[in-house]
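Each structure below is given as structure tokens.
There are two complexes below, and they share chain A, which is joined by chain B in the first and by chain C in the second.
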Partner chain A sequence: MSINLFRVSLFFFLTLVMALPSLAGQPMEQIRETTDKIISIVGDQALKSPEKAKERKRLIRQAVDERFDWEEMSRRSLARHWKRRTEDEKKEFIYFFGKLLERTYLEQVENYSGEKVLYLNETVDGKGFGDVRIKIITKQETEIPVRYKVKKNGDGWYVYDISVEGRSLINNYRKQFQRMSYKKLIKQLKAKVAQE
Partner chain B sequence: MRKIFVAFVCSALWTIQPAVSSFAQPPESLSELKATSIDGQTKRFGQFYLVPDVDVASDGFGGYFYSYKDKRGNKTTTNSIDSLPKGLLMAGKPVQVAFNDAATEVPVRVAESRTSQHEVSEPSAHDESGEFEGEIYDPIEPVNRAFFYFNDKLYFWVLKPIAKGYGKVFPEPLRVSVRNFFHNIFMPVRAVNCLLQGKIKGFGTEITRFVVNSTMGVCGFGDAAKTAFDIDKRDEDFGQTLGFYGLGPGIYINWPLLGPSNIRDTVGIVGDGFLNPVNYVEPFKYSLAIKGYDQVNRTSLSLGQYEALKKAAFDPYISLREAYYENRCYKIRK
Partner chain C sequence: MKKFDIELAVGLFMVAGIICLGYLTIKLGKMEVLGDKGYELQAVFANSGGLKNGSPVVIAGVEVGRVKHIALDDYEAKVVMNLPLDVKIQEDAIASIKTKGLIGEKFVEISVGGSERILEPGDLIRETEPAVDLEQLISNYVFGKL
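The block that comes next holds the complex of A and B.
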């Protein structure tokens, strides 16, 4: 009886121990999933033809959308401007800013040609924030360390900042926005997005 | 040359002197901490300094948790800066507290800064790793912007067309080899700076890489040390060495031709110049030509990067300045 109890408790203990790493492994796994998805779209020969360009873009966009938290990015970039915005203004900004970031990301990804991605490590705190560190090795053999900052929402981890060699995307935008009036920056943002 | 170097060191020391002395002595009382506002719209942030014993973590809503060990050794956590024992507020980890007042030179009191922190910095960066952003000191911004404009035109009108033409003639693998060759002969810069920072392993790595790449890598054109032995390259320079020992960047300078820099890194460039073998090539015009060629070659491998920065930026000058600053901080930490 007592052996049985021991077995049962061992079983529970083991499942618990085995479950823990998979829980902790979430953000990196999810980033990897998204990255793999994008790489497979980019490398898909069937989508390479010019008439498929739109479809290809749409698919990449969809994959990126699933993993990026545009609202959090907007909030952190706007900083002091954010609080003074109405709900509609916030929504508008999130939409356009998301489009701009998406495009910037897309242009980088489109030039992808066999770069290697190494998944280094991840850290997660108890408050729903995490860090995923990867390294991109370009075909020129240059190593680029990239750090994703992620926030938990439900079961998913969503990227709210990307740092490339220490250069944070969101910090960079925040510093630029700091000295601009909101009116000017939203106007410029819309013009930028329309440029495409 | 030596005179210029001495002048640079003196001016650098003069610029950073106040920063160093304020680090050495903790502020007497909290009311001594000042924050300034440049105009009605732009505010400079006041900074509090905490001793390294205090751990700062974001609470996820723009505020921070401060945890420290009290006199009995119990771990205590608080989310308000003014409930910290006074002795913990001094040189150490800077904590950014937003200051929101249009008046200039107003002493920041802790109670005030706490309320303004809630008002302004709600979406401030969440970061456990201690990567708090600092403010870049840029008093000669108009001059810097003029040089930025100059460099921008220089890139699009001169450097880019040359690099593009060069890149069309020579295939990429060859250009990568040339880049490796230059990287290899700059070894003394990295090795000596590893040594200066006490990074003995890094010093060994650089020497090993130099020997392997100069022989197996055929005069440094190949990176055999990486491909065959997986020895990673190090990236150290004198600016990083100075930063490693706590020297602040001083004022930001956007040099014509050289681009973004600051007092500390300029001293670094001059210092590293003595270790750069190309500088010992006689006559001077050859040395200059070699450097120009290296620049063209490197540009041919990074075409499109500057364009991407410009396309994504609202104010390319600020964007480049921040990117430079954060990248330097990152390299110094490493």
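The block that comes next holds the complex of A and C.
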């Protein structure tokens, strides 16, 4: 009887141990997939010509959209403003905030010129949150630590915050947004996105 | 009879002095006598930048609590903070280590979130920003320029 019990528990223990690595390997794999996809778009010679710039931008945005949770990012950066918004206002904000990040960061991505990306490690807690640490090595051999904060949704892990050199993107925007009323904030956001 | 009165007065004076001394020690040393009022939250930072026990915890520039304990946990700094019960922290709050002025003392700043879920006593603030390492920034600048 006790031997049976021992066998059963050993079986469960082993299946658990076997199952763990495949579970733990997820967020970093998915970030790597997206990063590789973007690098291949940026490096694609066929898309380098000026008339293809729009197409290239669209493809990059599409790849980013697959991995980023824009709603979660908007919620976190609006913080206390978020609760008081109507559904339409939330949608509007998500759209313009996404556009702002696209303008600010995708331009950086387009300047990519063969920087190395090192995938360091990932941690996952039991509540569906995790983080992935990478390091970008520039041509001058400067190391830039980047940390993706990810949240699980179904099978995928979606990015809701990025820290560069320990500074959080969400906290940066949250602090700016808390200083003004929502009305002023959305006006400024629209103006910023509109200027080209 | 008269001698006894003087001795009593001196004794009372001494007792009053000791009580005052005890009060000052507790106040200045920021010790808690009747246990801790409030609750504890934890946060893990990649770099605590010399944060100390008793360093202030600040929300919107208002000091609301203190750092109770700092320990090394898997080569990162695990900070335990004590906050009053009426200060609720949302689960998407961000804790950052800041410096007063350019080279002043370190403190923890919490920027409040908008989540419906409030952290329970003993919970972990998941989002953190480590202390800025000024020397590292300078070296990045220097080597970045090469």
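Criterion: the second predicted complex is superposed on the first by the 177 of 196 C-alpha atoms of A that agree within 3 Å, B and C clash if a C-alpha of one lies under 4 Å from a C-alpha of the other, contacts with A are read in each partner's own complex, and residues count from 1 in each chain.
Everything that follows uses one rule, which is that contacts are C-beta pairs under 8 Å (C-beta built on N, C-alpha and C of every residue); 3 or more make two chains touch, one makes a residue touch a chain.
Worth saying up front: this structure is predicted, and the values here are computed from it rather than measured.
On the superposed chain A, the two partners chain B and chain C do not both fit; they clash.
Between chain B and chain C, more residues of chain A are touched by B. In the superposed model, A:100 makes contact with chain B only, not with chain C. Touch criterion not met for A:62: it reaches neither chain B nor chain C. In the superposition on chain A, A:166 contacts both chain B and chain C. In the superposition on chain A, contact is made by A:175 with both chain B and chain C. In the overlay built on the shared chain, the residue A:40 is in contact with neither chain B nor chain C.
With the shared chain A as the reference for superposition, chain C clashes with chain B in the stretch 239-247, and the other listed options (203-211, 239-247, 275-283 or 311-319) are free of clashes.
Shared interface residues of chain A, touching chain B in one complex and chain C in the other, are 75-76, 78-80, 82-83, 125, 129, 140-141, 149, 161, 163, 165-168, 170-171, 175, 178. The residues of chain B lying in touch with chain A in their complex are 41-42, 57-60, 98, 100, 119-126, 128-129, 133, 172, 176, 179, 223, 226, 232, 301, 304, 308, 311-315, 318-319, 321-323, 326-327, 329-331, 333. Chain A makes touch with chain B in their complex at residues 75-76, 78-80, 82-83, 100, 104, 107-108, 111, 123, 125, 127-129, 131, 140-141, 143, 149, 151, 161, 163, 165-168, 170-173, 175-181, 185, 188-189, 192.
Considering their complex, residues 46-47, 92, 94, 96, 111-115, 126-127, 129-130, 132, 137, 140, 143-146 of chain C touch chain A. Of all the residues in chain A, the ones that touch chain C in their complex are 75-76, 78-83, 125, 129, 138, 140-142, 149, 161, 163, 165-168, 170-171, 174-175, 178.
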